[in-house]
Amino acid sequence: MLYGTRLRALSIATLVTMTAALALAFFYAPMDADQGFMQKIFYIHVPMGIVALCGFVWGGINAIQHLRTRDPKYDLRSYVAIHLSLILGAGVLVTGSIWAKASWGHWWVWDEPTLVSFLIVFLLYATYQPMRFSIEDREKQARYASVFAVTAGAFVPLNFIAVRLAQAYTHPRVFATADGGLPAKMQLPFYLSFLGMTLLYITLWRYEMASKNTSAKLRSLRRKLAGDDAVAPAGRTAAPSLPTT
Amino acid sequence: MSARATEPASSESDEALPEPRYVPLRTAVRALLRKELALELRAPQAVPAMALFSVTTLVVFHFALQRGVVDGDLASGVLWVTLLFAAMLGISRLFVADHEEGGLDGFLLAPTDRTALLVAKAVGLFAFLVALEVVAVPAFALLLLGPSPSLAAYGQLAVLLVLADAGIALVGTLVGAIAVQTRTRDLIVPLMALPLLIPVVIAAARGTSPLVLQGGSQGLEVRWLFVLGLYDLVFGLLAYALFDFLIED
Amino acid sequence: MAALPAAIELDGLTRRYGERVALEDVTLTVAPATTLVVFGPNGAGKSTLLRVLATLLRPHAGAVRVLGRSLPDDGWAVRGRIGFLTHEPLLYRDLSGRENLRFHARLHGVAFARVEELLDRVGLRLRADDRVSTYSRGMVQRLAVCRAVLHDPDVLLLDEPRANLDPAAADLVEPLIGAASGRTRVVTSHDPAGGLVEADLALGLRGGRTELLAPADRVQSHEIWALYR
């Protein structure tokens, strides 16, 4: 699969959509009476969260394919998916904290089970790269990373249920999320932002895949032209390696 | 060609392909378990360390919380944090002996199911956790627990412990197998296992709170048992599906 | 002469290690009850070849058949018929010699009487109940040999089997793992003269590639030496 095609079109689409979404969020969407302007971070926070979680699941699916076929390209796809979701995840936690401040006056609250589940998932996936880095054998690294990605992917829903159950007995859920309860003027910016986030993720994913594939091909060509010794052995890295042929 | 090459081979290769030899799962699990327990008894590492660590942790809690007695939610929390952190030690050590002494190769050469190793390690870890709790729970009751739970309450706690231990054993076997191949084994184990075990902490701690309440135990809520059971089932299936990939090349 | 099914067949076997190649395009056939001796400098791929044959490593390309079964898919079918002796003894230091062998006996479905028989034959009966950590290197190697032949394998894969063995000990294990045992053997060796004597087929590897492959009686020592330069 060629990842480098349509990158320009995708980048432009992402930029346009995100700008439109943000503009609508600022100017078109209603200002919240209690929470004020900071509430608008919701338009970034929730779509980012959903896309990040989907990214983790997408990483898990590619990991399953990698384990089934042992084709290193799936490992690369899984790695990029997870590492992008982790970056988005950090964004989710930061924007979530801002939103918490706007809603409850504290920079962190334990009342919102989705945010709390997200923190746990983030902490788990944060071990992915260090784990990869500390296994030197590349094949083993890829295989173990895939096992981890599948386990963590299966863990996400389980964790969500458990945290929800824990909360239900102390605080009832305080606010509605995006599904179903959105007033009309909020829907457009929200869905547009969601589309923008998805495009952002896809674009970044393709960029990174293209970049890694190109580097691998370059190494392989150099090796073929100038012999094994012309190419310095790849140092220890957490990133997947691709076959040299 | 030397004369030996044309000599008749052993009888088996004259016929059709030789019969595959196979040792049933149960036999292999028993053999592996015997070895695990024999090694731990002969050269105790994991269990004494975990037990000692749990008692030390309780002492630290006394000073950190600045209390002589705890009850209710606080007691439940202290107990489960202590057990969980002690379990991390056991998980770190789980595959080390095999890794260092080439033991995994010895098993991989045997004509049996790879799953036998998963079962044996998980059951072994479960046994070590029970041994840990035999020391840690009385120590906790002695050192920090205010109220004296009834026998029935202890019985219910035992059920919680069994279900929680099963979950910890399954997650621990997976994480232990991953960690033993890394160069930062002792770091990876708690970092990876603790988030994965949070659902266990949630259910176990919530379940234990009413049992250690001042003013008499209020009985265990069955829903927490269901949560633990679900967790054990999910991780059991995950471990069964994924473990082979961790030990084969 | 009747055509005998080969005990081991390799066809273009390739195995990579990271970006380097550990074995490249190795093709050969080993007839039953014969000995293949593999020569080559360190890092040539000798141990990798043995591990692939032992079903411990998967081939990345090419075909591997052991006792008529294709690896890795049918590896499970031949596992119980392969004996593997490597640099690591695969024994637990904190268990006794007898306990170690009994553990392996259980894993292979072998009766304990066989454990006793082997302990006797290698002269470890008196020390069988002592921990392996108290054994000398030669004793450990003898015990490892017992482990390798415990289940009466049809194929023996031996990585420098006589390392750490004094002549008396080497004599004790010879009937178990030597040519006279009647099993198909693949042996790695750093000894050109000695290796050629016991070989039926000689393979010389360098950098994973086959530099030399010929019946042993047509190979001269100096050709083996050339591999090391």
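All chains are identified by letter, namely A, B and C, in their written order; residue positions are counted from 1 within each chain.
One rule holds for everything that comes next: contacts are C-beta pairs under 8 Å (C-beta built on N, C-alpha and C of every residue); 3 or more make two chains touch, one makes a residue touch a chain.
These numbers come from a predicted model, not from an experiment.
S.K.: With contacts counted as defined, which of the two, B-C or A-B, has more C-beta pairs across the interface?
M.R.: Higher contact count goes to B-C.
S.K.: If we define chain centres by averaging CA atoms, which chain lands farthest from subunit C? Would you check?
M.R.: A
S.K.: Once you find the CA centre of subunit A and the CA centre of subunit C, what distance in Å lies between them?
M.R.: 48
S.K.: Could you put a whole-Å number on the gap between the CA centroids of subunit B and subunit C?
M.R.: 36
S.K.: Using mean C-alpha positions as chain centres, tell me how far subunit A is from subunit B in Å, no decimals.
M.R.: Roughly 31 Å separates the two chain centres.
S.K.: Quick check on subunit C: which residues sit in contact with 2+ other chains?
M.R.: none
S.K.: Could you check subunit B for residues that touch two or more other chains and list them?
M.R.: Residue numbers touching two or more other chains: 249.
S.K.: Can you pull out the residues of subunit A that are in contact with at least two other chains?
M.R.: Counting only residues that touch two or more other chains, subunit A contributes 137, 139.
S.K.: Mind pulling up the subunit C residues that touch subunit B in the complex?
M.R.: 1, 4-5, 7, 31-34, 54-58, 67-69, 76-82, 84, 86, 88-95, 99, 103-104, 106-109, 131, 147, 151, 154, 179, 182-183, 200, 215-217
S.K.: Along subunit C, where are the residues that touch subunit A in the complex?
M.R.: Touch list, subunit C to subunit A: 16-20.
S.K.: Taking the complex as given, what residues does subunit B use to touch subunit A?
M.R.: Contact set of subunit B toward subunit A: 174, 178, 181-184, 187-188, 191-192, 194-196, 198-199, 202-203, 206, 223, 227, 230-231, 234, 238, 242, 245-246, 249.
S.K.: So in the complex, the part of subunit B that touches subunit C is made up of which residues?
M.R.: 1-2, 4-10, 12-14, 17-18, 20-23, 27-28, 30-32, 34-35, 38-39, 42-43, 97, 101-103, 105-112, 248-249
S.K.: State the interface residues of subunit A toward subunit C in the complex, per the touch definition above.
M.R.: 137-139, 219, 228, 231, 233-234, 241, 243-244
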